[in-house]
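As written, the chains take the letters A, B, C and D, and residue 1 is the first residue of each chain.
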Amino acid sequence: MWLHASCLLEFDIPVDTPFLLMLRPRSGNQQWVGREQYVLTPSVSAVEFTDPFGNLCQRLVAPAGEFSIKTSFDIQVADVSDSAPGAYFIPVEQLPDETLPFLLPSRYCESDRFSQMASSLVEGVAPGYDQCAKIVNYIRETITYAPGEGQEIISACEVNEKTQAVCRDMAHLGIACCRALSIPARMVVGYLETLEPMDLHAWFEAYVGGRWYVFDPTQDNLQGGRVAIAYGRDAADVAIYTQFGTPVDLQQMQVSIEQIPAPVY
Amino acid sequence: MWLHASCLLEFDIPVDTPFLLMLRPRSGNQQWVGREQYVLTPSVSAVEFTDPFGNLCQRLVAPAGEFSIKTSFDIQVADVSDSAPGAYFIPVEQLPDETLPFLLPSRYCESDRFSQMASSLVEGVAPGYDQCAKIVNYIRETITYAPGEGQEIISACEVNEKTQAVCRDMAHLGIACCRALSIPARMVVGYLETLEPMDLHAWFEAYVGGRWYVFDPTQDNLQGGRVAIAYGRDAADVAIYTQFGTPVDLQQMQVSIEQIPAPVY
Amino acid sequence: MWLHASCLLEFDIPVDTPFLLMLRPRSGNQQWVGREQYVLTPSVSAVEFTDPFGNLCQRLVAPAGEFSIKTSFDIQVADVSDSAPGAYFIPVEQLPDETLPFLLPSRYCESDRFSQMASSLVEGVAPGYDQCAKIVNYIRETITYAPGEGQEIISACEVNEKTQAVCRDMAHLGIACCRALSIPARMVVGYLETLEPMDLHAWFEAYVGGRWYVFDPTQDNLQGGRVAIAYGRDAADVAIYTQFGTPVDLQQMQVSIEQIPAPVY
Amino acid sequence: MWLHASCLLEFDIPVDTPFLLMLRPRSGNQQWVGREQYVLTPSVSAVEFTDPFGNLCQRLVAPAGEFSIKTSFDIQVADVSDSAPGAYFIPVEQLPDETLPFLLPSRYCESDRFSQMASSLVEGVAPGYDQCAKIVNYIRETITYAPGEGQEIISACEVNEKTQAVCRDMAHLGIACCRALSIPARMVVGYLETLEPMDLHAWFEAYVGGRWYVFDPTQDNLQGGRVAIAYGRDAADVAIYTQFGTPVDLQQMQVSIEQIPAPVY
């Protein structure tokens, strides 16, 4: 399907402030960017680099005063995210090198402290995809998805004590449990067409059966309409914006996404 | 300055044919992509990856029949390319690691066979930027820029026997001479706003005085309005399209570029 | 100075177990490996790859039973680690791209929760090297270095509640505070010639004044004789061994290091 | 099998000269370095980095006068190099991204000029491994392996006009033909235990059937005992030493390799 998506960030900046941004989707295996805009108001110079996870990152200094960033794009994505019940567990010694960093604990996914919980959760479940699915079901059943809550980012250990959480939190818990079972898992930030209420979204992917599969504890089914903006170990790697120095005020954030016909430019 | 540029490639494809494309400019140190479109007709799935030089490359299989690729973008670039007469030569042992591959001979820049010529060309010239400038002047004076000629790509040794050449050839000769003097040099493919007649363009950059500088043997001055699409060792690395298998017929190629006001989307 | 160092790890392995190892030092800017050995007993096949931080990592499956790894090497390193009181703070927008991941919070360095503490610690101190030195002094004064304690890895927040800690803990706290001040900081695991009692060691580096500098909260002065084995965000990235699956028993670990004359092989 | 190998290079250096070296083997998929030495006489400081092909490269400035480099190592390698008659051709669109640079023409492998020759050579042969084998047979039959000749490196086009050649030349011709058939091919420099007379050796690898396979036009069979030192597009990428500036005099080069029992250090 083709989607048109946009994200508007409006800041009030007290003093000139360096930003690191991840707002430009890349054409990847399951998505093709047909058109894209990236507008800084006022216009400031910015540079772009590719981070260790392959994300396109923008660097700029936001000038004091009102500052806005608007990105929008037309993108073709899968109608349905692939699922693969029964996909096998890949022994660590056979994992591709580039998946190994996603086995290690990270800021918000203390997988080193989830061995016991993860093991008992998946008792009797076939290693691999089905274990991930079991973990996701558990999260969905025990934690209520409460979008809009939770400005401060909390870690999987902290999430595990709560009964409601945002998408990011639920992804962190899922990632921590998968890694504790030696299944590489990574965070994805992006858009989901059917999300209610509309916002940016976070989910995770696990590497089983020889490829990455989407898992989303906030949703009952694996509908498609997903746009990935950034991949990383957890929210620390994939913040759509990271600012340094004196805190700035995000006054408004507007996210939209809708299906469109295949564009003819 | 802000530029709007576009490139249209129309092919007649005899059988399904894999392509490797470099047509998506990246926001870099001297350019910021404000808006961008990439249209494949008919629409086919494509994936994108970053090559070892940092270029965004697209992979797809062009279906038999008529197939067109149209890219266009609004981009902010420097009004004038930086120049730095007198910028010093950097001894090899102090060069950053990532510049070293640009010292080695490559397919179309047989720098291993230009030591003598390059040395005598720059006799008495201060090492560094001024040597590059001397080489460029020599090329400009001895070879007539003859845009539109030369479908087959020829190498610096072959260029050196000719009296007229295309931009790509002249860049190859410049690169070979710089490398023969232990100055890292790399090929750039892109757009030049003032080019006559309009086409895609090629020039080169040399690493002196601690950074890369633009050199263009086809132009009398270093006017800006340059958009870099791809960087590499030579034309082999930065072909805007590489096709594999049965040759395809490029029926039409249209390139345009023009100044625009700073866009308000 | 030239050093000879060795590390012996003896395991009792209950079932065949995949390992990820970082035990091979690389010749780098301040160290040159003259001779090196890496012995697996019993001999098993192993492969090596370079991780995103540039470390040489070995992968193997340790067979059930007694399994030992012995590495040793002759290496030339600096007599004294460089220090640079007064070295300036580099504004985030001017930092090299590759230092940026070391600004983000990580598993054991929750820099996102140290803004207030770090700011008050360095009040009145010139931004840059001197801030790092102040942080290190604070850690040295408030936490007693207690080598040998602390098998479980704890995070900077947890360290901050304690009065004694191991080298790794003290480095984590230093890193978290530096990052909270927008100074890139990274973990180093390696050897220190004068360490008492002898063991593997951990310290950190901070990026100020245009390069990385060594900081070591466990030591009163910046003596050299340091061998870096691995660099990373924190202990999660630089474990000398990571094992997956059923826990193995490390029965013995012997570390030695001593000065030697410049070797003539 | 376990091998002990060594390489001694003795230079007479007229003025301080920067060198780029590739003399340190890495533990890889088919080889494990058990012990290794790298001796510079006189001792000079050197740094090491990983090049875009994953090779460990050393940089140093050789001081005027006599200068020698001696590397030696114990290494475990395969007894027989894998072969796979019938292994299938991988369509370009399904090749891993990292193999794509090995499809392009390079300094000494002008694959762009071998389409016709390569196609007629393999007429009627099943695409993939068997095409590579056919090419290798053709080279072996038409060009006599004449070790020790050919100080100047020549390119595949030049090799193709000759009746005798060195290992490097024969590899270049094989690579050029494979790439012309859209089969990724790369140069390998290293040691071969059974080589007569003993010297460093060069062969190539082609990517078919989902992995890289060894091909060696100089040998009648695929005996093992191969140690890879460096991989690249061609000889330009994998020179064991590249020197810059005033030519130096390589006075002596001694290479040895022999089987040893599995070492117990």
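Everything below uses one rule, namely that contacts are C-beta pairs under 8 Å (C-beta built on N, C-alpha and C of every residue); 3 or more make two chains touch, one makes a residue touch a chain.
Everything quoted here is computed from the prediction, not taken from an experiment.
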{"item": "Neighbouring chains shared between chain A and chain C, ordered by label", "value": "none"}
{"item": "Copy pair chain C, chain D: interface residue numbering same or different (half cut)", "value": "same"}
{"item": "Farthest-lying chain, centroid of Cα atoms versus that of chain C", "value": "B"}
{"item": "Cα superposition angle of chain B on its copy chain D, in degrees to the nearest 5", "value": "180"}
{"item": "Interchain centroid distance [CA atoms averaged], chain B/chain D, Å", "value": "30"}
{"item": "Chain centre separation in whole Å, for chain B relative to chain A (CA means)", "value": "36"}
{"item": "Gap in Å, rounded to a whole number, between the CA centres of chain C and chain B", "value": "43"}
{"item": "Per-residue multi-chain contacts in chain D, two or more chains", "value": "none"}
{"item": "Complete list of chain pairs which touch one another", "value": "A-B, A-C, B-D, C-D"}
{"item": "Residue numbers on chain D that touch chain B, as the complex places them", "value": "18, 20, 49, 51-52, 57, 59-61, 91-93, 97, 100-101, 103-107, 109-110, 112, 153, 182, 236-237, 242, 244-245"}
{"item": "Touch list for chain C against partner chain D, complex", "value": "26-29, 32-39, 43, 45-48, 50, 54, 56, 58, 70, 72, 76, 262-265"}
